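Chain naming follows the written order as A, B, C, D, E and F, and within any one chain the residues start at number 1.
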């Protein structure tokens, strides 16, 4: 029996381990171009979350590491800083006043809210590691990493479309599309 | 009395005009950098949609005009082509296989689906005007135009963040941030 | 694997055609008693709509054709007139003021809203064909055609019940139940 | 402060009476053309139901009384028979097999389900009074009484539209529109 | 095919019995420590409720019988008294004013509301049997009987935890955990 | 303008501080009978969460401190242990097998899930402070502290009801009702 596309265990066989996951104290490997890494706890990783409407993640940042502009199609987010100093923000889009950046420097113990579907990011302002934890109101928040979706798709978006969209030459777009676009948190 | 932040009319004063809007047969002005324009019918424009969970829009495309990569935080979309030939697609993000472009050439009478919150676009492949209509499952689908949110926000996202995110030099980012980023469908 | 009773494709096999449908430029056959026909695009016809909460339809009207009084159990609707002139309306039921008809003449380019579950209709006022498109906020809006549900069910609703409900003689009800009640948009 | 258009009481002034209603043991007056009467307990009558997503009603039936074909736009229903014998049913509309009547004789202690938005009715088969109670999954189930919406609206639906829709002559429609269509459960 | 973990019948085989249940006129056996018994009509008992968002129950009370403090995780409730006199209430928890009991004596024909997830109870004040019916806004309201969850779980909650939580000695907790905690309405 | 009973700020006046809260790095005062304290971040404390469907909290535990049996009426929860060792669990209630305790020892970096509305608790197994963070899928998860709702309500639940419900003498119930029942996380 499946619910929402995920297997639904026979209730008589349910155990505590079905609701358990470990490893959120581990510093994830941030040795990548962005200097950040995301440890997701969603229904793909923790099947016991199915139908429960909640998820979380841990984000590690190397010094000056970046969780790059991205959005979650199915959930808002609260992020709190467990360690370090971040610059975090989101963009209110297509408002009467234009596209407004709502951003703030966050110290350890601060929390910030990112509304559902809006583009947001966090940048480690310090020269030491930083750690944050995010809470989501969906078991499958989803993740769209903006640059990867724009420049890293397979097959690529035609360069004449991207050139027009981002006001860059086709040569620059072609070069961008040949770069490596790392997914620091794959949604599976 | 307000519901969802919108005024709720005294039921005894409700008239047919509260559920009515005109002008969807008008070709909108596409004389802008993108060669496209969007006529939204959401709760901001048609107050009678409040609490009803549906909205629509008309999109006009000049020859080779582009409805640039964008996403809707609160709704999926079906778009059908009323006139012309479009190349339309969306990007499935952060899947196990990476970022997958799902795109297709659409002729008059074809329809295509864009899932909630995913980045999508349409480009007029022809040298004549094109027209499409979109259906939404929310009275406030919301709209994030990717390039505008990235490069056109006020205040700007710091250039060292964007440079790292999109793999462009700070000089190029600074130049991009000085460009004009037209909102072809402001969400108000 | 099924979700909502519909098959859920292996994501690695998803193609653009799963999100695509054609034929919305075709005039449907309106050679029936009502002089109208509906081309539905819901999850039954376009499986890629599953879980996405949106649907649409095209309605064709012969001269003086009628999309007869009906309701959608799971969705509100916005209808816009692509061609022709319609008289469209819905009934606000059981209000303090009684049953109020909210109706209006619609010309090409006009749109009108029908709230979820309320009885509504459109009639082609002109002596030429008319075309409209509807947007829904559900992948399965459902459809109850009032006269067909009343007089065309199998088995029939007992005539003494209908006679009492609609203030017609049992003879008239019996005659009505022997008529043909065409479903111009079957929900499958 | 209002929520959903209803006043939201200062929590420090809340009393048990805000969650209380009486009179469900009273036989309502069934001296009308239908021989039935409905006592609604929804958010209009019991403000404490606001945001709680549940409602109920008591239905009284004179001998051979009828709760006529109607639908609830915002809720399914379970009805149980407290006293008497009813014939109750709903119509599955526009299915592949047509419009299917799902109906059954119900005795005291029996319950039957009416899915959201589908047309349904109950008829008292006996020569004594009957009583039933209905449970709803919305604080505002809404109510569309089919015949009243069709023939009793103000202003009337044009007779040429109804004539075409229900296959009756305009003369008969005109006569029907002059009749009295009693609302046995007004939604206020 | 399963929906929500429940089998979804082939629509062509659907019959009235799929939406029908009997026995709600039967006095359930209240010969237990609490002097009460609950007859649930949820999706486990009546599969036709699947996806419909509504359920109900009948509660029987012996003289001075108690439907003990419990909560429904997925639904609010309206209860109406069909016979007898009850003292019914719920506790608004962790408010600015503390934990406020909202309770009232209910006579035959009175109804009372219990908000989703809040602890509530009914006690038969009279020396005759009482009967009540409850309406729920979910096909699976769920049920947490407070004392049974606290003292009757398998395996038991450690006594040092309960002792600290309820301010009773471990000896008293151990004794409580050895008692029989009857489930008067098992959720299956 | 209010939405959901909370004030809705004029969008042109929105600032980053509307989405920001600090202090989650502070050890809350656990000098109470339970040896625990909860720092809530819900819509009451952080108005920017309104309509966003997410909340969080920090829980501090003194050595052998207890977050006592409680439930959240409107949300499931994921808790992860930031520091220390907890015994955490919830009770699956009224299942076919009875009331099943699903519990586990959690070390730093472990996470555990508590389904919506089910009774759950955490106990600090160690002789040092412990800290955990919880993610919720609602801006107003709500909180029912079981013992406080049972024994600490104003006015009190009648002792003869509680005596019957929890199998304790009225004398013991009276004594319990005279104790102090601290709310370690008031919902305001």
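Just so we're on the same page, a residue touches a chain if its C-beta (ideal position, glycine included) is under 8 Å from a C-beta of that chain, and two chains touch if they have at least 3 such contacts.
These are the chains along with the protein names UniProt gives them: A, B, C, D, E, F = Germin-like protein.
These numbers come from a predicted model, not from an experiment.
S.K.: Using the touch definition from the top, list the chains contacting both chain B and chain F.
M.R.: Touching chain B as well as chain F, we find A, D.
S.K.: Applying the touch definition from the top, give me the chains sitting in contact with each of chain A and chain F.
M.R.: B, E
S.K.: By the contact definition above, name the pair with the higher C-beta contact count: D-E or A-C.
M.R.: D-E
S.K.: Centre to centre, by mean C-alpha position, how many angstrom separate chain A and chain E?
M.R.: 41
S.K.: Please report how many Å separate the Cα centroid of chain B from that of chain C, as a whole number.
M.R.: Computed from C-alpha means, the inter-chain centre distance equals 27 Å.
S.K.: Would you give the residues of chain A that are in contact with at least 2 other chains, written as numbers and ranges?
M.R.: 2, 89, 95-97, 100, 103, 115-116
S.K.: Judged by the touch rule stated earlier, which pairs of chains are there in contact?
M.R.: A-B, A-C, A-E, A-F, B-C, B-D, B-F, C-D, C-E, D-E, D-F, E-F
S.K.: Going by the contact rule set out above, which residues of chain D touch chain B in the complex?
M.R.: By the definition above, chain D touches chain B via 2, 4-5.
S.K.: Mind listing the chain F positions that touch chain E in their complex?
M.R.: Listed in rising order, the residues are 33-34, 66, 68-69, 71-74, 87, 89, 91, 93-101, 103, 115-119, 121, 123, 142-158, 161-162, 164-168, 172, 176, 179, 181, 183, 185-188.
S.K.: What residues of chain D sit close enough to touch chain E in their complex?
M.R.: Residues in contact with chain E: 11-12, 14-17, 19-26, 41, 46, 48-49, 52-56, 75-78, 80-82, 89-90, 92, 95-97, 100, 102-104, 106-116, 133-138.
S.K.: Within the complex, which stretch of chain D touches chain F?
M.R.: Touch residues, chain D against chain F: 1-3, 8.
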